[in-house]
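As structure tokens, here come the structures.
You will see subunit A twice below: alongside subunit B first, and alongside subunit C after that.
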Partner chain A sequence: MAVLAPPTTPAHEPAPLALPEQRIFVASQWQLMWWRFRKHRLAMVSSVIVIGFYLVVLGADFLAYADPDRSEAQRSLMPPQRVYFFDGWRFAPYVHGFKGARDPNTFKRVYVADPTQKVPVRFFAEGFEYRFLGLIPTTRHLIGVDRGRDASTTIFLLGTDLQGRDLWSRLMYGTRISLTIGLLGVTMSLVLGVVLGGLSGFYGGITDTIIQRTIEILRSIPTIPLWMGLAAALPREWTILQVYFAITIIISLLGWTELARVVRGRFLAMREEDFVVSARLVGCSQLRTIFVHMVPSFMSHIIAATTLALPAMIISETALSFLGLGLRPPAISWGVLLQQAQNVQTVAISPWLMLPAVPVIIAVMAFNFLGDGLRDAADPYGR
Partner chain B sequence: MLAYVGRRALLAVFTVWAISVLSFAIIQLPPGDYVTSYIAQMASTGSVVSEEEAQQLRIQYGLGQPYYVQYLKWMNLVVRGEFGMSMEWRRPVTEVIGDRLWLTMVVSLAALVLTWVLALPIGIYSAVRQYSPGDYAATFVGFIGLAVPNFLLALVLLYFGFVFLNAHVGGLFSPEMQDAEWSGARVWDLMKHLPMPALILGLAGTAQQIRIMRANLLDELRKPYVVTARSKGLTELRLILKYPVRVALNPFASTIGYTLPYIVSGSIIVSLVLGLPTVGPLLLKALIAQDMFLAGTIVLLLGLMTVIGTLISDILLVWIDPRIRLEET
Partner chain C sequence: MRKRTVRSRLTVALVAGVVSCVVVVGAVAQSKNAYIGKLEGPEVVTDPAKFPKTFKEAPQLAALVKAGKLPPVAERIGQDPLVLKPLKEIGKYGGTWRAGFTGPADFWNGFRCCSGPDHLMFWDYTGDKVVPNLAKGLEMQDGGKTWLLHLRRGMKWSDGKPFTADDFVFWYEDIYKNKDLVPTPSSAMAINGKQGSIEKVDTHTVRYRFPEPYFMFPDVLAGSTELAGQMWGYRALGGFAPAHYMKQFLPKYAGQAELDKKAKDAKFDSWVRLFVAQNDWARNPDLPVLSPWKTATPINTPTWTLERNPYSVFVDTAGNQLPYIDKVVLTLAENLEVLNLRAIAGEYDYASRHVDLGKLPVFIENQQKGNYKVHLDPGDYCDLIIKFNLNYDADPEIGKWFNTADFRRALSLGIDRAQINETFWLGTGTPGSVVPADHNKYNPGPQYRKLWSTLDVKKANEMLDKIGLSKKDAEGYRMRADGKGRLRIEIMTLGGQFVQYTQISEMIREQWKKIGIDLRVQEVERSLALKRTAANEQQLGAWNNDGSEHLFTFPLHVFPFEVDAVASSGPLYARWFQSGGTQGKEPEPRMKELMDKWRKAFGVPEKERIQLGKEVWKIAAEEVYIIGVVGQAPAAMGVRVVKNSMGNIPARMYNSPDGKTPGISRPATFFWKN
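For the complex of A and B:
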């Protein structure tokens, strides 16, 4: 905390509040948490990454430059393209056009860059129409090429998939679905966990025993086969939206036990605290005791536990979709994108199809570190 | 001690019951009943199921009766070891599953053992040599293990194997041993192929266990009894292994019960990527083809074996740790 104090204090003034110890005494709980959180450098970096991810969720269509569903046989399985940032000494990013051909020996489709053709990359270029943030209709995208170009003179930063769809644009849309499904799933888990963990911790006795045994049983079952069974039973004719919510519910059933455990632990620790007893003594109803007095004081712990539960959600969705049991095309998620990388032969020929694994790993790590930092900060009085 | 084991056994019985209900639910979930799908399946391949046969099947499985009757009838068959017919393979489910269930357990147990063998010494090293390069390396590997879903790890390793070694590194047997009879040579072949899937499956668990062991041991190392022991002139190695490690081992050991289900779960997906002859690929196929008896049976047996494994590890834990053995409950 010494860093926070001003370097010098003029002698004639009364001792200012900014002295480290005093600052700590008057700071609110949330302020203390912020100070402690700030010390956890990895968590700070991770929070920036997480915010970045959710900005992608909001602006996926702005960041994409091609319609994620538009396929073109002419550009199937194109490798990622090199972007040249400088044309001579001028900053004018461009990419090369390319020619598609068949390798006479292997019959594989190969693409050769054509250095004579420079395709300028434009910022705020016009592309397909969408509604920015779901509200403002526009055709502007962060990057793009001039309109009216054919398939051989366009950009594909991360290459294309088997159907010739642009991987970068699909990744943007996939991020939107994968991260919201995680967030929704964790919210549902949280509701389940808080209600059941709360009941368990607050009432104790037989309720506690039943809920605790249920959790123990659920934790000793290999869950993935079960969820696979549930997911496989979703009717084939369901719409994307229906499947989306069904999968969200299924993965939320995975995560609630850990949250319930945390909530129960806090409840048990707090039940006998003076302020809870006095709240009860002055005649607060049970609901009021729980939600007005108890919940705010362990809110921070819940937030931390929730953040730590998110990676599992993201991995579950990715795994289910990867197996073809989760979201199904035409829906786009990280798992759906990775489905194309399922067998070694494909991956060996077109390794860029594995790229969607990168955001999965980064997101999982970022949420883990963020959760760690939050968990340490949640108890600012400790140590 | 008996009370403790009894309690665990009772819980295991409940768990098995819960698993059986859930597996039954999985069998029941798809629209239409077994016989209708069976007839449709047969018709699509050109054969005809006679009315009598259909009727007999309906009676055997109690179709059309309330769910609990159907459940009891199914349980009755299961207890006698009859798991029904696999529609896709048109053979009894037990025959289709064959060795695969055992191989699943072998792979999972190998992963579990590897987790322990790696996590224990690395965890101890990380704690004793805190902030050394080795500690940082272990921490780094730990984070990778936690962040990379194991099926992606499998995919990446397969890719590297393909690119750099130009070999298919998956599978549990060499091609010539694939369908061979069980023999010493085949077992040896299996042993040679085990480390790779075991490592992939065990990495996440290992990472977690290293963290737990390190944290526990760090707490213990600061305690006065360690200083006392050291001042009495015990060698460092003996001191650490004899006192703090034994204390730190306990929370470490108690997580084993939750590690096995986790590994078995993971093995399903990893097997698909690596092409292991476990129940994983079979389950996926069965689910996609809505071959529900096969799928339900796999889920049931997998759950059963996991529960037994967990129970055994619980009992071992009691045997290792006197505090639980003597605990009053």
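For the complex of A and C:
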């Protein structure tokens, strides 16, 4: 895949070139990266998925149609409901009403759809009140039912959990928490990684030794037990918000080491480059040298490394919560949802409660492919 | 002709169809109780005329007798056997009973299945009548102040040494009165706070003397009290101990220096630790016992194995020495999920402990595959109670509200019990207050089931407004009266228990939003819970009141009775009660009245006692010191999974810790049909 043909003629004697090649010569670094990135099909698809996920993060309460904490025993463990899109030939999505009762012989709750009762599903319908993007108070949701009816008692796209809470709506809220934890965690480890890695690479000597040995020690400890230890040390009486931030910090405290290594390597390589030496000679302060001259030249690498670190963060949150050490109910995250599904009766009776595993897999794969594409793009001259 | 045949066949088919439809409809109509059978169980034969004259034994024991390693069976059992009439039939010897346990803290598991039970007296299968057990009989003298206990002649410990009155005197004089071993005297040995004493009359007769009449004494010997036998050996209690064996661990007989060295060699802090470890039925395979099975590999190993006791005094009506089943093997399950999975897969022969009610549909679905049958044994008690810590003082305002009766009542009215019953009990429970089932003899009357225990959000809000909690914040939660923000209360729950306390508490938190109460659910680990309760740091505590159906022998979830409970309604009150008023804090008048009535009942004849018991429950229901939520369901050890080929299994058992269920159905009479 030859992106760039080596120049065959001296620059001072411009030869007529084919148009695309001309473009390459005048293109900026970012443009080159974009072109390279576009060639990575999977990464392109993944980036759309990732954007989609973050749209869910922003609009979780808009996409949810039921209050995720509203429980009702009379709709405990409802299976996912079928949505009919066409009423006759007309596009008019509707769902059937249902009747539920407990079977006295099997002790299961049995739900029977009532085909005579059609409940139209409306778009931009009214539901519970929330603040869109945390700012605008509204009651509109993407889907819902007619005025006078409560969507949380009629639509169950992904079924309900034991307490009769709507799984779809909980999944939306869970996505919000799980993905922001990843993002926050990565941001924190990014800052730590760049600063510590930068110090290490720029100064070398004893600073380098101390930081590098610290990294080695941290990396030599198996992650899951270390997380478990740290997470178990969180005071039980902390509020959900405190635990949330603490978990983010715990995850990022270990995530920075890899990034710091990369940054340090780049610094070491770049320290003696002409433009760095010149910057120093003209009297730039050290901070200016680092942040204005050196960091931009390996920005692309940092972006790629960050993207690749994200799925690890998401997995760690999910794993910790799944083990009951991370977030706890009433917080909703993918890990919390999965933790509530880890029992025999879920596998045997209500397998739809395991659905939250699907977005975990998709998100992690999408981030990985995206990171892969970005890494390739970060080095547009590479083959 | 041919046509007619066809038609008649059709008629037959139609009739058959109609009949089967009727049968099916009938079955469905009845099926609410399809898994709840008739209460039944084996009986103790007390008439010596009906005793078997000759005895038989398990083949492997017969072989040992032949080899001269054991004395003959009649000699081992003695002159006065404990005769059990098996529920359905005389069984066969042999086989292994497989079950699961969850670790060294799960010692009740073995006590319940395999200890016999080794109480001196015990309950009949209805859990109501006291019958002789290890002791041949109990005789009241001196208007209830003196009790004569008659032992069985020729009865022996599992090592062949005789079981006599000396074992009682040894326990009383050398163990119970030793302050190092028993720092706080047991209330079971006391009447109205005054301690009794034990003395020997002759080899087979023991005399208990009390300063005041102690009419409850037979019940105390029958229930799971601290005089209940060797299960309390690990706390140096139990009412008797094998003198010939345990003497070697007492400084008086072994010498202080020598014993200290022994303790040090065995890596114990002190001789006391060594003593209680050696006196532990579940932990020490060498300890002489009286139960039908005895520990062969101890509870702190991955497989807790129990083998038949060759000197078992239990026999069936045909003279077969019990137990029928050779061996009980309890395998360690890493967690409850694993234990339940193994039970569903049919890897256990009999399981009820730790079986999760939430998995009932899965258990029922797999009956055929796992070759087992599901029975339900609902208890007579409440499966979820919420205790207010009346002594909470870390936050005086919260303490004040906990001591306000209308606050407690309003919180109780704010719980939607029907929702909780449907979600977590699969609709099998009865919502209501803390009082025991209607047929319990201490039940104060049907109206107390619903007293302050129905959902009434409006009334609850009115009551809270009235007591001075009318101010609310922006989110609708009530504000503290001292102006320090929102009134937040905490509930302490434990995970991994028979009832899902944490999940249910989370549902209650949602329900209490409607009455403006902000509840925080805190799940803690058991030892931390004990520590926090003892330190008076617990606010609300979730637990169940199993055992409270035997109000006088198991009162610890009715009022503050035990100092070290996982959830307490007042640790200082409990200390006050146990110390006879010298320590702790004096309770408020109504609570004191309740305690007085309870204590008084021990010294009065049964009729008056029943009246006092009803009054105790009345006060408990009126004052709502403890909120009752849902009960009388099979949540705690009430889902029973038994292999089809196991015999003498009752359709329904009396489910109670006092009856050590399944102990009350005498597992020694269970057997393998093939």
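Throughout what follows, the second predicted complex is superposed on the first by the 355 of 383 C-alpha atoms of A that agree within 3 Å, B and C clash if a C-alpha of one lies under 4 Å from a C-alpha of the other, contacts with A are read in each partner's own complex, and residues count from 1 in each chain.
Everything below uses one rule, namely that a residue touches a chain if its C-beta (ideal position, glycine included) is under 8 Å from a C-beta of that chain, and two chains touch if they have at least 3 such contacts.
The shown structure was predicted, so the numbers you read here are calculated from the model rather than taken from an experiment.
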Request  = Return first, second, both or neither, reflecting whether A:G164 touches subunit B, subunit C, both chains, or no partner chain.
outcome  = second
Partner chain(s) touched by A:A232 [first = subunit B, second = subunit C, both, neither] = first
Ask   = Looking at the overlay, does A:N368 come into contact with subunit B only (first), subunit C only (second), both, or neither?
value = first
Task = Using the superposition on chain A described above, determine whether A:S28 touches subunit B (first), subunit C (second), both, or neither.
result = neither
Ask   = Between subunit B (first) and subunit C (second), which, if any, makes contact with A:V344: first, second, both or neither?
value = both
Key: subunit B versus subunit C as contact partner of A:T318, first or second or both or neither   = first
Key: Per-residue contact with subunit A, leading partner among subunit C and subunit B   = B
Request  = Please work out whether A:I217 is in contact with subunit B alone, subunit C alone, both, or neither, and reply first, second, both or neither.
outcome  = first
Task = May I ask you to decide whether A:A357 touches subunit B, subunit C, both, or neither, giving the answer as first, second, both or neither?
result = first
Request  = Indicate the residue numbers of subunit A shared between its subunit B interface and its subunit C interface, in ascending order.
outcome  = 342, 344, 348
Query = So in the complex, which bits of subunit C are touching subunit A?
reply = 28, 31-32, 34, 337, 340-341, 344, 358-362, 364-365, 418-424, 426-428, 490, 503, 506-507, 509-510, 520, 522-524
Remark   = As the complex stands, subunit A meets subunit C at residues 69-74, 76, 102, 104-108, 162-164, 236-237, 328-330, 342-345, 348-349
Note = The residues of subunit B that touch subunit A in their complex are 11-12, 14-15, 18-19, 22-23, 26, 29-31, 143, 146-149, 151-152, 155-156, 158-159, 162-163, 168, 170, 257-258, 261-262, 264-266, 268-269, 272-273, 283-284, 287-288, 290, 295-296, 298-299, 302-303, 306-307, 310
Note = As the complex stands, subunit A meets subunit B at residues 213, 216-217, 219-226, 228-230, 232-233, 235, 311, 315, 318-319, 322-325, 338, 341-342, 344, 347-348, 351, 354, 357, 360-361, 364-365, 368
